[in-house]
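Each of the next two complexes has subunit A plus one other chain: subunit B in the first, subunit C in the second.
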Partner chain A sequence: MSTNLDIKVHHLTRVEGHGNIVVNMTDGVLEKARLEIVEAPRYFEAMLKGRSFHEAAIITSRICGICSLGHQMTSFKATEQALGLEVSEQTVLLRKLLVHGATLQSNILHALFLAAPDFLKVGSVFPLVASHPDVVKAALRMKRLANEIAEVISGRAVHPISCVPGGFTALPTPAQLLSLKEKLENQMVPDLAFVAEVLASLAAEIPAFTRETEYISLRSDDDYALYDGDICSTDTGRVSDAEYLGMTNEFIVPHSTSKHCKVNRSSYMVGALARWNNNHDRLCPAALAVAGKLGLEPGCYNPFMNTIAQVVEAVHCALDSVEIIDELLTRGIVDEQPNQEPTRFGTGIGATEVPRGILYHEYTYDRQGRIAAANCVIPTGQNLGNIDDDMRQIVPEVLDRPEKEIAHLLEMLVRAYDPCISCSVHMLDVKFVK
Partner chain B sequence: MALKPRIGIFDFTGCEGCELNHLNFEDQLLDILEHVEIVEWREAMDGRADELDIAFVEGSLSTPDCIERIHEIRRKSKVLVAVGACAVLGGINAMKNIRPIEEVREEVYGKDKYLFPTLPALPLSAVVEVDHSIRGCPMTQLEFLKVFTSLVMGKQPVQEDYAVCVECKLKENECVVEKGMICLGPVTRAGCDAHCPTFGQMCIGCRGLVTDPRLEAMEEILVAQGLSMDEARKKLQMFNANQLEGVTS
Partner chain C sequence: MKIVAVGNSLYGDDGVGAAVLDRIRADNLFPDAELIDAGTDALSLIDRFEPDGLNVVIDAAMMGCEPGRVQRFTPEQARLRIQWDHLSLHGFGLAETFAMAESIGCMPRRVVILGVEPEEIRIDRGLSDAVASAVPEVLQLIQAEVRDDEADHPGH
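After this line comes the complex of A and B, so read on.
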């Protein structure tokens, strides 16, 4: 067994953004085991301050291309609450459909393009084009359709266009919605079933590691909470989103340009696994069946299973999208303009489940409708402390393995969280004194 | 150029949305892979390369480490392509350049500001020679394919230098200014097929200014629409802070 370790993975691959893994052990004493965040700070507050409510989501969208839709949704909710803008039921349905599209896109990208190469012991998705063409083609088809949902409803998958505070500037036609529905039923659902089979055959490749932590996600009485809900912790239950500051408690650590968070323990986890642990009873039966097949059980404390929870969730998103489209078609698409007449100027909070976990935006507007103060708390920032705590437990458990293997296991661990480092740095910085 | 060019994809300070758009070529990705060898791409694969035929680079330069890395990429690449508004213009990151940098750092990190070094957000062309540019926030797949195909075939890609309004008129869109919205189409470089106005949104100027834009006339229109001169400048600065300061063309 080794008693000295010196692991440094510079600019970890197959994650969004720039991070290093650093582990030091001398004479059996673990000195450091952590994920260093070295993404360049971008200072979004300097950009938001004084900007009009029309621009808030356009700017915050640019914090992260992968999470751009999630940032926009959360931004709209914060702005609409601050300005007293009511939105129609049609707008909420279309937004929920967009959130499903974004969740599908992101979960599929992570599970099959970024994480799956580890299970199949290759360095990227590209060798899989030759070795597993059916899986790659199914993944590409699913990603295309997920992006098509965003394109049809909002004009573009990266930095959506037509969704704005108060509603939409352009609306889909019933024919476009019907076409999406047919593709969801005839392509996405069978493709997901096929991918679930493949992943079931690789179950042994998922590292067996457990560390119980606090899991925080949204929770709603009506559905599997993604677009809206209360904040829910496995330790202390539900509170309103108005209490988000007490459910995050950001603090600065020197090894990270992104701030860390904690609530009831030294760290907590957000994302698909947290949603699963809090809301598995709200998933549709087909998604629960896939969870059973993939060995995902309620109260799962293995962070590597986050990838599996993403696939389970994808099944739910695909089927729920079909239901939302049915409802939209039954109601008929009403040609309506976005509601952009503020009834007040104050502070508003938006909380949304984006693929990597719970995202908060808070804005205060002045009487001219310009941003006076903003604060945003990002899922990956919330997970950083939990990743460090996992590392500190996992390293002593695997000391009998070669150093290279330990480094690879830690890379897999960080990837399992599907970190979005651009977001964590760029958004947590968005804080200025009120 | 070799029969199967070796390409690398790199990222600096930005949202990685342009990079994501490389992975969003669901219909063409497998065909692209038949014509090139991707040898370095941190976001999607393990490994590093020593020599490249084409480097596609996203993001603006905003730390001392960025400057070192872009020089290294330039040294090992025959052709360097700036991808997206951040790499071509400095992008939305450059909005921070308008204010004194020390003020900005203090506002975000307080007394801990010295933990994290920072520079004004610069386009790649401010530091190294850039051979080609793919504009937009995000870059469009169509434009990427156009440049990519030209380069693989050994041709010079052509860049549009007329206003978004031209493309918008060709699409017979209802003018969003007529609908009472603010729009930067008259001074913004085309090539996007007027994508945002087509979806009922204003042009936010993400592709940079046309050569010799009539900025005073544009400001006059914005002021006539009810903005103050300060707000009008802010609108123009969202993506073009560096261009308006003369850092980039």
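After this line comes the complex of A and C, so read on.
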């Protein structure tokens, strides 16, 4: 067994920032085990100052390509609460459909493009294309359908245009909704069954690691909370989203330019596994059946199972989307205009479950309808302390393995959380062929 | 024909593609082209490329030349740096998207990249003068692509 370890995994991701895994052990004493985020501090909050309520969601949705829709929804909710804008039930149903589409897309790509290559020991998704083309094609098919949900409901797959504060400027037709429903039933559901089969066959490859932590997610009485709900902790139960600051407690650490968070313990986890632990009783029977098949049980404390929880959720999102479409079709699409007449100018908080966990936006508007102050707490920031705590427990447990294997296990751990590292800039890095 | 912008318009010169699309819309240029702003979700392009027609992609590109310089190249002419060991889905960019499209056999036949060397990629900056003044050249190059394409592939 090694008593000295020096692991540095540097992931230079293009220009802006990167995540490094650093582990240092001397004479059996673990000195460092952490994920370092070296990223230019983000100025989105400052950028929002002085902007009108029409602009807030447009700006925040560009923070991140993958979490674009989540930022947009959360931004709408904060703005609508601050300005006293009521939205219709139809708007809420359409937004829930959008959230399902975004969750489906992110969860499936995470499970198949990031986690599955680890389970199949192929290094990355690129060799997977050659060895398991059916898996990659199913993932891309599901991504396409998820994009189509966004296109039909909000006018565009990336950076939606027709959803605005107070409602929608354009609405889907019943025929479009019916077509989506058919594709969800005839393509998405069988594809998800196939993905569940693939992952079931790989269950033995999921590292057996357990560390109980505090799990925080939204929780609702009515449904599996993604679009809305109270903040719920496995340690202390439910509180209103108005208490989000006390449920995040951001603080600065020297090794990361992203803030860390803690509530009742040294860290907590957000994301699919936290949602599962808090809300498994709200999932549809088919999703619970997949959970059973994949060995995901209530009170699961293995962060590597986050990937499995994402697949279980994806099944729920697909089937719940069908139910939402049925409800919309039964009610009939009402041709309504967005409510953009503020009844007050104050402070509003939006809390939404995005694929990686709870996202909070808080805005204060002045009397001209411009943002005077803004605060955004992103899921990755909330998970960073938990990742470090996982590393500190996992490293001593695997000291008998070669250093390279330990490093790979830690990369797998980070991938299980799919942190939002350096998503903001994607420049091409070009060397011309001579 | 599709004209595709990749990049984040909140980050200085990374927004050059979006700026070009804005100009095309404002001046109603290339009315037959579909304009796509992929933002930072390059992977979403994988099934939105035109399989048989022309795809012009505009992106900030680190090519080792002076800021504002525009270069035309095809994916085969350039070695786009692909990161194989991703810690996060957020790292998938255009290079990875092309590699993926190639390997599953859905790489469009005609892709032209117009790369613009950035000066500064910083949040809340807008385009640098060097890159802003390159926008007309990008438009001319798109025009030339359209002309060549019509000559080579009449009827498309």
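For this structure, a couple of remarks:
As a convention for this text, the second predicted complex is superposed on the first by the 414 of 434 C-alpha atoms of A that agree within 3 Å, B and C clash if a C-alpha of one lies under 4 Å from a C-alpha of the other, contacts with A are read in each partner's own complex, and residues count from 1 in each chain.
We take it that a contact is a pair of C-beta atoms (placed from the backbone, for glycine too) under 8 Å apart; a residue touches a chain by one contact, two chains touch by 3 or more.
These numbers were taken from a predicted model, which means no experiment stands behind them.
Contacts of A:H110 after superposition on the shared chain: subunit C is touched, whereas subunit B is not.
By the touch criterion defined above, A:G19 lies against subunit C but remains apart from subunit B after alignment on the C-alpha atoms of chain A. Look at A:T257: by the touch rule set out above, it reaches subunit B but stays clear of subunit C. By the touch criterion defined above, A:L319 lies against neither subunit B nor subunit C after alignment on the C-alpha atoms of chain A. Judged by the touch definition given at the top, the superposed model places A:L283 against neither subunit B nor subunit C. In the superposition on chain A, A:I161 contacts subunit B only, with no contact to subunit C.
When the shared chain is aligned, subunit B and subunit C each come close enough to touch A:R62. Once the two complexes are laid over each other on the shared chain, residue contacts for A:M47 go to subunit B and to subunit C alike.
Touch criterion not met for A:A416: it reaches neither subunit B nor subunit C. Counting contacts by the rule stated earlier, residues 11, 13-16, 40, 42-43, 46-47, 59, 62-66, 68, 109, 113-114, 123-126, 129, 136-137, 140, 143-144, 147, 157-159, 422, 426, 429-433 of subunit A appear in both its interface with subunit B and its interface with subunit C. Within the complex formed with subunit A, the residues of subunit C that make contact are 6-11, 14, 37-44, 46-48, 59-63, 73, 76-95, 99-100, 103-104, 113, 115, 118, 121-124.
The touching residues of subunit B, when paired with subunit A in their complex, are 12-21, 23-24, 26-27, 29-30, 33, 38, 41-47, 62-63, 65-66, 91-93, 95-96, 98-99, 104-105, 107-109, 112, 115-116, 118, 121, 137-138, 182, 195-196, 198-201, 204, 231, 234, 238. Contact residues on subunit A toward subunit C in their complex (touch as defined above): 11, 13-16, 19, 40, 42-44, 46-47, 59, 62-66, 68, 106, 109-110, 113-114, 123-126, 129-130, 133, 136-137, 140, 143-144, 147, 157-159, 411, 414-415, 418-433. Subunit A meets subunit B in the complex at residues 11, 13-17, 38-43, 45-47, 50-52, 54-55, 58-59, 62-66, 68, 109, 113-114, 123-126, 129, 136-137, 140-141, 143-144, 147, 154-159, 161-162, 164, 168-170, 252, 254, 257, 422, 426, 429-433.
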